[in-house]
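When the chains are written out, they are named A, B and C in that same order, and each has its own residue count from 1.
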Amino acid sequence: MLIYDIVIIGGGPAGLAAALAAKEKGIEQILILERDCELGGILNQCIHSGFGLHIFEEELTGPEYALRYIEKIEAFKIEYRLNTMVVDICADKRVTTMSQADGMCVLQAKAIVLAMGCRERPRGTLHIPGFRPAGIYSAGTAQKLVNMNGFMPGKEVVILGSGDIGLIMARRMTLEGAKVKVVAELMAKSGGLQRNIVQCLEDYGIPLRLQTTVVEIHGKEHITGVTLACVDEAGRVIDSTREYVSCDTLLLSVGLIPENELSLKMGVKLDMRTNGPVLNDKYETNISGVFACGNVHHVHDLVDDVSKEAEKAGTYAAMYVKGGA
Amino acid sequence: MEKKNLICIACPLGCALVIVVENSAVLSVTGQKCPRGEHYAIKEITNPTRIVTTTVTLIGGDIERLPVKTESEIPKDKIYDCVRALKGIAVKTPVYVGDVIVENIVDTGVDIVATNTKRTRTSG
Amino acid sequence: MYDVIVIGAGISGSTTARELSRYQLKICVVEKAEDVCCGTSKANSGIVHAGYDARAGSLMAKLNVQGNQMMEAASKELDFPFERIGSLVICCAKADIPVLQRLYAQGKANGVQGLEILGKEAVMAMEPNITAEVVAALYAPTAGIVCPFTMNIAYAENAFENGVEFRFHTEVKKIQKVEDLFEIETTKGLLQAKCVVNAAGVYADRIHHMLSAEPMRITPRRGEYLLLDKTAGAHVSKTIFALPGKFGKGVLVTPTTHGNLLVGPTAVDIIDKEGTDTTAEGLARLRKQGGDHVRNIPMEKVITSFAGLRAHEDGHEFMIAAAKDCENLIDCGGIASPGLSSAPAIGKMVAEIVVEKLSPRFNTQFYGRRKGILSPARLSYADRDTLIRENPMYSNIVCRCEMISEGEVVDAIRRSLGATTLDGIKRRVRVGSGRCQAGFCTPKTMEILSRELGVRMEEIKKSGSDAQMILGKNKEWL
């Protein structure tokens, strides 16, 4: 069985920064496991600019930001495996992976860094009544289709949720030829950055309606419209404000959830509030030698902060390995 | 004399700027936490510009699109002309980050450059 | 010209077709949707009822108990998930104990084995999350859960393998009897048959009245459900019912064969036979009422909601018989709950009626076994390793939540009566039915469908003909 000092689960911004930090602390046997066909994680589909102002003091796009780290990973000859799914991690830090290249493979790690990122909240959690037609996407799925595959979910778009991905997708859909009719936000304030409201909505005349939500989805096979309504301070729908808006696409940007299925399976304790692992001041979980960082820990607004946190986690993982525990 | 309120988009802080303008000239900018705020305010009032990011068709790679951007900001009113001009543009692998894809897009003097490195697909 | 045309590829039509394929008959199943299992059969509780609910002496009681008894063998023969987990009917008031006793007696009369009335302690020991107000419960150890999609698909696939033809996107518009033959006008042209089986679900009354004057009225009774994440799947270990009321068996809480937790259904009679939309009231009621007899249901773990229509007949009885005023029209209507539980017996009974009419010879080529889609997750790591080396597609995970590989998706598309839509794949291999609800897998599944079916991405549908997933390419409309 192959033995590594540190195995990093996930080759997105957190995993990459953790690997580099551990390498800089002198750890030799590092392995990054990535389920996708390239390193960089979700940054590869975030083609807009705005990343790296803190770390690189310039404004980079997602792929450019990722590439800065990937080039260093290559330069330091840190080992990584692509198209590799982690199937299971045991509390004794044995990692089972699956890939075309290696089949089912078991590795032993001295330390593990969990860097699996997060996923989007789906429609089902919102209890929006109606049919379940085609044309409803989470914003990140639409982002992948548009930015990586070059396909448009539709022409007339309503976006529910004004998190940053929702705002960014409003601009992306507009610049690819769709009409974004409205961005509806349940809360009294957008969850996205002010700059994104300016440069993604106001620049294109897209209305942002606060304290407004989708109360009904219309269309049986394909979505044909939504009913919007205002909500009061207590979040109750005000029926007199119901308004039909026709659309062929509904994008949902209603929150992100840390992806901790593997962590749970191996016995890592989670914080029920953030859905991320409970960490000590060394970014270590309740299992000694198992660390976590980035959006698997808690959802960050800025990738720069993910990288900084991951650097620390990678450093502590290196110290753990060197401590000979 | 006229007062204008803007949100600075230079960084994620999003400072609320107050700009005093007279005859299209900026007299003063307040509210910014760094010098980029003043720079942004003056440009936004006199000649608003933006970085444009989009994709072009990629041939021979693992995915079908290559992300690109305007190497620097272009006038805001040229954004649609810029993306329209990129319709139908296709690039073959390999492409490296920073490679010029289209020179001087819609006469802005700004080049469209690749924002990712894409090598030729090796398998299936 | 066919010997038999079965209208509807739901569970009743599919079990009937499969049982008929034991004979030398030219059989065709016509279905208005794009796939099997698209109506009532796809949106229900997935419960195999023990058989104490239906009135003693009714056809419903008889077929439920028979179907329940046949289920285990059928699930092995046709390779679909079925677990006999047992059920409890919870009684929370001393005054209601007689109702429980009546159910017990009815069950006994219906031939249900192993029924017991349990006291509070025994119930709480069995199910710690039952409300503390429980005073007694009816325990039915023979009740179970089944995967309704796989069961329906399995029967249809086996029918197909044994020579039954299936025509999709084929809606019956009009039927006439010309001498001894039925002329069936469909959206895909005219078909002829000696015998018609009406298994049209909520539309069974309309089909029936194209040929018969005997009364039949099917009312769509909407049932809404909440599906919870697998991390909530162990909240109860058995199917938990409330005491039955006017609108049926009430809201139940049950684990599913895939380890999720299901809460539902509501029961509201509606007019629209296509009204499978959820409602604000229904969903709100479930969130609130779901906890009436089961405590602390983690409603924050709801991953999706859906609604189905029960084909409720006025007398709440299965209408399985040859029409008296139309020779060779066999109705299979009113198949509301416990229709799924009864399905193996329904198929057998309908087939027997047809056989009596047409006196066919046995199909000696009949092969009753069907192999399901291989699930690598159930293999040992060593076997999975061998499988991946034989077929690398089994290493490529498409659906991360349910850990479904490209190999399984391709199997779902390429096999008999294979999937042609995203929903079809979802029903066959659960891609997109996990906690992210198709967030990650959608683009990947679309690419595989496009490749396997040889169609453009723009032609990929979620379900029926108007359900395109994407409407154009980047910059196309600029």
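Heads up, the rule we're going with is that contacts are C-beta pairs under 8 Å (C-beta built on N, C-alpha and C of every residue); 3 or more make two chains touch, one makes a residue touch a chain.
This structure is a prediction, so every number in the text was calculated from the model and none was measured.
Contact analysis places A-C first among chain pairs (by count of C-beta pairs in contact).
Averaging Cα atoms per chain gives one point for each, and the point farthest from that of chain C is the centre of B. Here the spacing of chain A and chain C, counted between their Cα centres, is 35 Å. One inter-chain figure worth recording: chain A and chain B are separated by 24 Å, centre to centre, where each centre is the mean of the chain's CA atoms. Centre-to-centre, using mean CA coordinates, chain B is 53 Å away from chain C. Counting only residues that touch two or more partner chains, chain C has 474-475, 478.
Shown for chain A are the residues that touch two or more other chains, namely 148-150, 176.
Residue positions 55, 65, 80, 83 of chain B each touch two or more of the other chains.
The part of chain C that touches chain A in the complex is made up of residues 227, 231, 274, 276-280, 282-284, 287, 300, 302-306, 381-382, 384-385, 388-389, 392, 395-397, 400-401, 403, 435-440, 442-443, 447, 457-458, 461-478. By the touch rule above, chain C contacts chain B in their complex via residues 474-475, 478.
Residues of chain B touching chain C in their complex: 55, 65, 80, 83-84, 86-88. Contacts from chain A toward chain B in the complex involve residues 37-38, 44, 47-50, 53, 59, 61-64, 67, 147-150, 175-176, 193-195, 197-199, 203, 301-302. Within the complex, the chain B residues that touch chain A are 6-12, 14, 50-55, 57, 62-65, 67, 69, 76, 79-80, 83, 97, 115-117.
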